[in-house]
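The two complexes that follow have chain A in common; it is paired with chain B in the first and with chain C in the second.
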Partner chain A sequence: MLNLSGEKKKKVGAWLLLSMIGMLVLLPFAPAVVMAAEEAAVEEAKEPEKAKDVFYKEEGEFGIVSGPPAGELVYPDDYGSYGDFQSRTIIWISNQQHLYFGSFVLAVPMFVWVMELIGILQYEKNPKVGKKFDDLAHEMMKISLTAYSVTAILGGILIFSFLALYPGFFRYLSGIFKPVMHIYALLFILESGVLYVYYYGWDSMNDGNGDWKWSHLSLGTILNAVGIVLMVMANTWVSFMMSPAGVDAEGRFLGDIWKVMHNPLMVPVVVHRILGNAAFGGGVVAAYASFKFLSAKTLEEKAHYDWMSYIAMFMGILALIPLPFAGYWLMREIYAYRQQMGITLMGGLLAWVFIMQATMIATLFITVNYYLFQAMGRMPGSERYYKYFKVLLAILVVATIAWLTPHTLVMTPAELKAMGGAQHPVVGNYGVMSAKNTAINTMITTTVVSFIIYQRSNFKLTVPWAWKGNIFLAMLILGAEVNILFLGVYGYFIPANVRIGLSVPQVASTLSVLFIGVAVNTKMLKGAESIGEIRWGKMSVRGAYALFMLAVAFTWTMAVMGYLRSSVRLHWHVNEILRDNSPWAFTNPLGYAGNINSLNVLLFWTMLLFVFWLSALAGAGKKKVEAEEAAAAAVGKAVPAGSH
Partner chain B sequence: MSKFKIKAFFAQLLALILAAPMIAWAGGGGGPFDAGTFSAIKVGLVVFAIFSAWLIKDKMGLPLPKLIQAPLLWIICYIGFRVILQPPIPFSLLAMYMGVCTVCIFLYCSLTRPSWEEFSHPIAVMLREDHATAKMSRYATFLIIPGLIAAQTYNQMLPKFGEPIELRTVHPAPPASINVHKKLVTLQTAENPFRIGDDGNYLKVGDEQKYFGGNAWTGDVPKFLQEVQQGGVVFFGTAGCFFCHGDNLDGKGPFSFAFNPIPANFADPGTISQLQETFVFWRVAKGGPDLSREAFPWASAMPPWEKHLTTNEIWKVIIFEYWHTGFFPRTWG
Partner chain C sequence: MAKKKGSGVIVVKVALWYITILSIFAAYTNWLPQIRGDAPEAAEAIDVSAITPEGLQEMGGMIIFGTDDPLGTLARGEGPIGKGQCPLCHRFFMEQKADRCPNLIALKTEPQLLLQVSEEERSHERVKEPRYEEFKKLHADGEKNSGHVPHAETGGQYLIESEYCPNCFVVEGFGLKGTNDTESPMPIINKPPILLVDTEIVAVVSFLQMRDDPTKWTAKDDWEAYFGKDLASEGGDEAPAEVKPAGPPVALGSETPEEIVTKMTCYACHKIPGISVAKTGAIGPLLIEGTNAPNRIKSPEYKAAMKAGTAHATTAREYIIESIMDPGAFIVPGFADDMMKDFKHKFTVSGLDVLVDHLIAQDEAAALADGLDRLANEKEGPIKKPEAKVETGEAFAKNQSKTNEMTIQVSNKKLIENSTFIGLN
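The block that comes next holds the complex of A and B.
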């Protein structure tokens, strides 16, 4: 008989579990293989008709017609409605809500994974800190679990809305994506399975940094991988609607599902969305922590949530910083795909929406800086830096003003005459790309500077080369900013295609401040003398409100940009293939869109507060027991030590 | 606060109130200063004002309370955007700028705990305390704030007789292709046939820079400048674009203010330099009448030049416009 010791048993168990999950991952592809074989068999039987792809137009890029044409949808046969209500608004809202929750449950496991990893790595050196991170990860996962079922419900509502209101469109799209539809469904089941094992196995698989813990982390990896694949698949439908490929001009499927999925805008949209989700997830978790911070009764609780909100905010910002650049890339690809589409977005019908978006982005950066200033209120020694705060704020204001100035102004004819032309000789110059790039890079650089100050605010430098390091840092920051400004001005004198190239050195300046600056600063802090521990939990309430603001700004931005991405198709369901023939094919005016977006944001936050409340409910009983235990334990427990 | 401080404080306030119209006068239109540009003197004045404020505040040790600083800063911003910045900006932009300033002034007051306490303490006193001054200021505040709101509401309800504001799309999305003189031009791919370098090949966008700044109208000039010349003839002669678009291509021709919208200003970095050459071709060939759907209300007075010019003349005048303004058409590659 096999005699396994406890250790060995665990190891074998862990490996068994892992390999089972590995098999599960492969499962969804099995039907695809079978189907492909079937298709091949059918194809041989009849003489295939060939047609040209709308996008992949290269020589010999012919596909075999394997689906019906898109045809013309007829109103009211192919559309449903609920009375006089705009069907599209119903779809809009259910889509947006599903997307909010979807991106939340996609983003949270990413953070949780990182937190858990940090926890494991820290375990060796400092089990207390390790446990802190692990608990944080566990708590985040708990919120995500409730949100997960909400996501599924909203997904159901979305599908029913499609079937009820846009059956014709849904028939076409599901016809095209038939080969991968069930993979999506199966992956979803897999995701749920892994999620539940991951969450409910948290405590029983927790052996510090042993094999079980590592297997648990691998579960997290699989969870994330499946989540991302799900997101990419859902994304291909959306990008197919914007920039179809793999079909002929009549919309007939040409047999290669990969070409359909890999349509021209798919990759940039995916990249943009992953980063966006991560930033959004960080924002929402930070909001959760602020919510708990504000409602906490004891200093200990306050300290915990203060710390948690800081970590979540930090992760969100890490994802936020590359986001504008991913955005530029997406924009560029859109122009390359269809000039018209680019102009509709940037210069045309939807240009005003970008002003709304710009407002949100400026809000984000100002809020982050403000939060850091507030957070320094709890670091002894930060008083030395108070005088710089207003300078940083002033720079942000100037950059924001340049960032927000629209190129086309809203004005009465009398104002136009007073101005002497459609463009203002001074501020008119801020309306173009060169100024915008300069402004956003300046804002990011300023944020990094705030962070550098934050890092050192409760330390006294002791390294002998401190003064040299300080000079170096000052030169680095100043040099980068001068470079950014110089390139911004220079941009007015060169062709647009070269100007786009300028954003690379501009971004490089910003990133060098970010990476080199923070690295040098961290190095300088080695062995620095602490002026005092961070007083977690002592942050001003304004800091917590700032984080809430940050999260709301994230959601609003997502709503606005979703409206934008969807409206750019104008009167097409699937661009240039399937026309929207319903009475709601017009582009909604900005005011209406603004209202619906706000409604969406409100709805989301209401539901989310409900989710927060639910997870607090689950924790309440446990906490009571813990509190009783704590009461029995020694008095005067120390406030958890800070680490970041 | 000592008596001295109170006196000094009022002196500062008075000085600032007096200084505001001075700065306004110096920066405003007319007078000895050029109204069109942000002259060095204006910048100097602002810097000087900030410097003296700093001197008074930090060096002479006469700090202004935050509660006074905040509205003062607001007024200074307002004067800056309303009066110093010339020509006057439209109300929509002013509102946006002042919105940013309002928020940021509030953030400024609450940046750190001490400054927030300094800012909020008098307000708390005003709301809570029971002595005479606090009471009076409480009554005053609760009269002034609703009063201001009432005045604002009244103002908004007043009937107005100005032309309404229109949110126009200045650069609507172009059609995929157009028919000019019975020939199909695909806007995504078409090229200007007169972008020709010395070697007779297509001149890549950006390479024409070497022809900028020179005089196209003297003796023997390269091929490209000959096209520019002929484009210039169209602009000033055959078609007379300058009546509307101006001698300097700045949209200020003699007729320009007769129209709404006014003719495009090519010298601005936001018009032709943001557009592909084929977009400009579409606009010149088809003018206002053929604007696409989203360009509501299609009020542009730009004539459809295909009715008067040949395709070649249109391409040449486009070359001329870019050459004259020193801009390059947009390309994506």
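The block that comes next holds the complex of A and C.
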């Protein structure tokens, strides 16, 4: 057993543990080394056939044929079904559920790591605050642990669904990814091992801010690193299906698994996914905390969960703000990969889905602002800023309307005739990209302004340069917005290929407000006089329900974007390589997707409720034991002291 | 107990809130336009000989738009996108927003458009551009993605080439960013994901050529000239069996010129050398197009028709096709515009080829050999010169008295007495 008494022993123990983890990290790569040796032996034995890569050009254009062609899938031989039910919908639901839980268990450790780090750093200054953050991290981890098992079960269901319903497709994809399939499985084992040590070692390794605590945080680092590698690997399958590489035109594997994984859309999809996961994780934890806030019976409990929901929401929003820019980048890469794929998304078959996406993003931003306005109710002195809410809300509503205006409208023939076309002569102008970019940048800028106000709402500035800082902030925000508007209008007068470049300076303006604005505001708050402490636990019930809305909007947005990403392959399992020859090769209309998405979200939250209940059950059991122990201790002490 | 009840109420309230939000989102998606994207039918080898040029044009339209009413689809707020996916980037109508690739707006449908040349006309200019020569040099060893070497000589061949090898020529201003207009954003159309077969590509080019002017159809010839092989031989070793279309009689590629002329009743109006049934027609001109067609397109009357925008042929072959498919495009001086106008529905591509091949091979010598001559109202005048009258007059008089018909059977050594013959008509 661990003996924590000696300082040296602690250090040795910590290093031993880290070394073990380090070796475990290297373990998954052993099969790859063996396989590489086997492949080299096979290569020497016969003259290899070379073929041209479907994506890589010039250097690395040709590779050694190392697998069978994708061939033609035949229905019903290569597909399975349960009666008349769409097999694809079954895969859709099992995939989405696995993805939700997978995202959650990968996102939560990211938060936990940040919270634990803050806790350690705060410990020296204020142990109470340090412990507060540490407890928060621990509680988040507890939820994640139960969700982890559900993720594994859903992963199993997904694989069985593939084997039963899409055996031909699964055979091909697993054939391509054969060199890394077991690495993935071993990493999963490693992830589980690290997770359990991390969670169950939380209390025993907690020595405030000592070596054991830092070692524990290192475990958290490894946990997150392995989690991200797992997510990247799973993403490479998806991005390979969208934009295959490392295979020839017949779909034959060309021997280099890195080229398969490092396909043209891999990096932007991964970046988008990490940010999306973080935002989603924040939303889920915020909803959990809101639920606990509403059901808390004591002010202390309420204060804790009010604070927890705010922190989770804040972390989620931090990830949400760069998400649209990651989205632009992904879309740009899609256009660069296949222009018609980009246009199918933005101006073709799937264009209406973006109206739905726009609705979700608008919902997210309006909800966040609404939450901040509500949250200011617990900030003494925030009344000074209430008058600005109306203006901010008006800007958000106008931006949302522009953001939601479709390019063409749904009309009856009579309406169509009266208007002279599907595009309205005035309103139609807001249906183009210039207006959309302007709207979203305005919405983000407005949200940053709300946050700046929130930051300073219970403070009175004391720095001598406060007035200069205020003028600078006002000029920064105003200048950025003028630039965003000007570029938006200018976009109408230039061709599309030039116009697309305007999004960069627009985004730069928004990011300037975000980074420079928040930094200057934080600097201005240094040494500021507090009007009153934040009254944690006093947030309105509406604020808590806003966070539920936020969580649902996050999950629904993930679902609709998943439908979009998957549908853009149209009738291909693997774009341009393996055609979908099943009866479900068509792209479902948006309404059907909306129904399945809502079902998926409901299913996820129902299961999550079960997970919350489980963790509460464990917590309740622990509290009961602690209470009994405390009672017993009290009795034991009372007897010698009291009765004699 | 009280605590549990409190939590239960909150669970119910939160669940109701969730269900409300999810219902609103689902209802909203159902309210938005519902577009189902069907997977395109797998391409099949198409027997081009069994389709009329007009049929090919229609097929091309379906490949491009996926509907026979693209404007109606646009008006409903949907994108008319067929398996070719062309309208994603090319603009075909003013109502459509697509400016990533050169526009392909039809002049007929958009007369107000400032662009005063059709894509068909513009295609001829492309191959004459100095940049085309530069692309030839650039891809002298074969373009890297398609393997093609740019070698289009006509507008039609250029359109064909663009489908198989978009990088073989990139219109200025429409190249991929950073490539100095040397790489096209267009996918190779006969490869995934579009994956059109050869006949479908010919159908798309037919649509482009015939959209403004049905007589401008040369797509099949362009394809065959570009690839130096027969289009019908594509799609495997075994050419598909010729399908006889239902409906009115249709000229097929498997038929002889004699059978086609008989089926289409050309003999009722025209005399045609080499066709046994076509010896008496006296309503339309003698069809010796090896001689007539090159002269007609140079004639001031034809040039006037071109200027008026009705006629468009620049080669003998185009002139013959135009005369069959659009008889009103140019009326031969001395004749009325009374030729039937429905031949464009009745000729398959290969059937038309058979007849055009036969007509273009006929000249004055063939007519004389067959004992045929022009009608009196033909501007060119008789083939048989007046001075030959003395030498052959006896023979003619003999035949005339025997048959009292307008057709004369003559031996190889005898000639027709033109003036007398004309006089009889």
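Rule of thumb we're sticking to: the second predicted complex is superposed on the first by the 615 of 644 C-alpha atoms of A that agree within 3 Å, B and C clash if a C-alpha of one lies under 4 Å from a C-alpha of the other, contacts with A are read in each partner's own complex, and residues count from 1 in each chain.
Keep in mind that, in the parts below, contacts are C-beta pairs under 8 Å (C-beta built on N, C-alpha and C of every residue); 3 or more make two chains touch, one makes a residue touch a chain.
The structure displayed is predicted, hence computed values, not measured ones.
Annotation: superposed three-chain arrangement on chain A; chain B versus chain C shows a clash.
In the superposition on chain A, A:458 makes contact with neither chain B nor chain C. When the shared chain is aligned, no partner comes close enough to touch A:215: not chain B, not chain C.
After overlaying the two complexes on the shared chain, residue contacts for A:94 are found with neither chain B nor chain C. When the shared chain is aligned, chain B comes close enough to touch A:389, but chain C does not. Of the two partner chains, neither chain B nor chain C is touched by A:243. By the touch criterion defined above, A:575 lies against chain C but remains apart from chain B after alignment on the C-alpha atoms of chain A.
In the overlay built on the shared chain, the residue A:366 is in contact with chain B alone; chain C does not reach it.
Contacts of A:103 after superposition on the shared chain: neither chain B nor chain C is touched. Of the two partner chains placed around the shared chain by superposition, chain C is the only one that A:602 touches, whereas chain B remains out of contact. Comparing the two complexes, residues 336, 338-340, 343-344, 347-349, 351-352, 406-411, 413, 416, 421-423, 495-497, 587, 590 of chain A contact chain B in one case and chain C in the other.
The touching residues of chain A, when paired with chain C in their complex, are 57, 249, 291, 294-295, 297, 336, 338-340, 343-344, 347-352, 355-356, 359-360, 406-411, 413, 416, 421-423, 495-497, 545, 548-549, 552-553, 556, 567, 570-572, 575-577, 580, 585-591, 593-595, 597-598, 601-602, 605, 609. For chain A in complex with chain B, the touching residues are 332, 335-336, 338-341, 343-344, 347-349, 351-352, 362, 366, 370, 373, 377, 386, 389-390, 393, 396-397, 400-401, 404-429, 431-432, 434, 492-498, 540, 542, 587, 590. Within the complex formed with chain A, the residues of chain B that make contact are 36-38, 85, 87-93, 96-97, 100-101, 103-104, 107-108, 110-116, 162-165, 167-176, 187-188, 205-206, 250-252, 257, 260-262, 264-265, 268-270, 273-276, 279, 294, 326-333. Of all residues in chain C, only 3, 6-7, 10-11, 14, 17-19, 21-23, 25-30, 32-40, 74-77, 79, 81, 85, 88-89, 95, 97-100, 144, 176-177, 185-187, 191-194 touch chain A in the complex they form.
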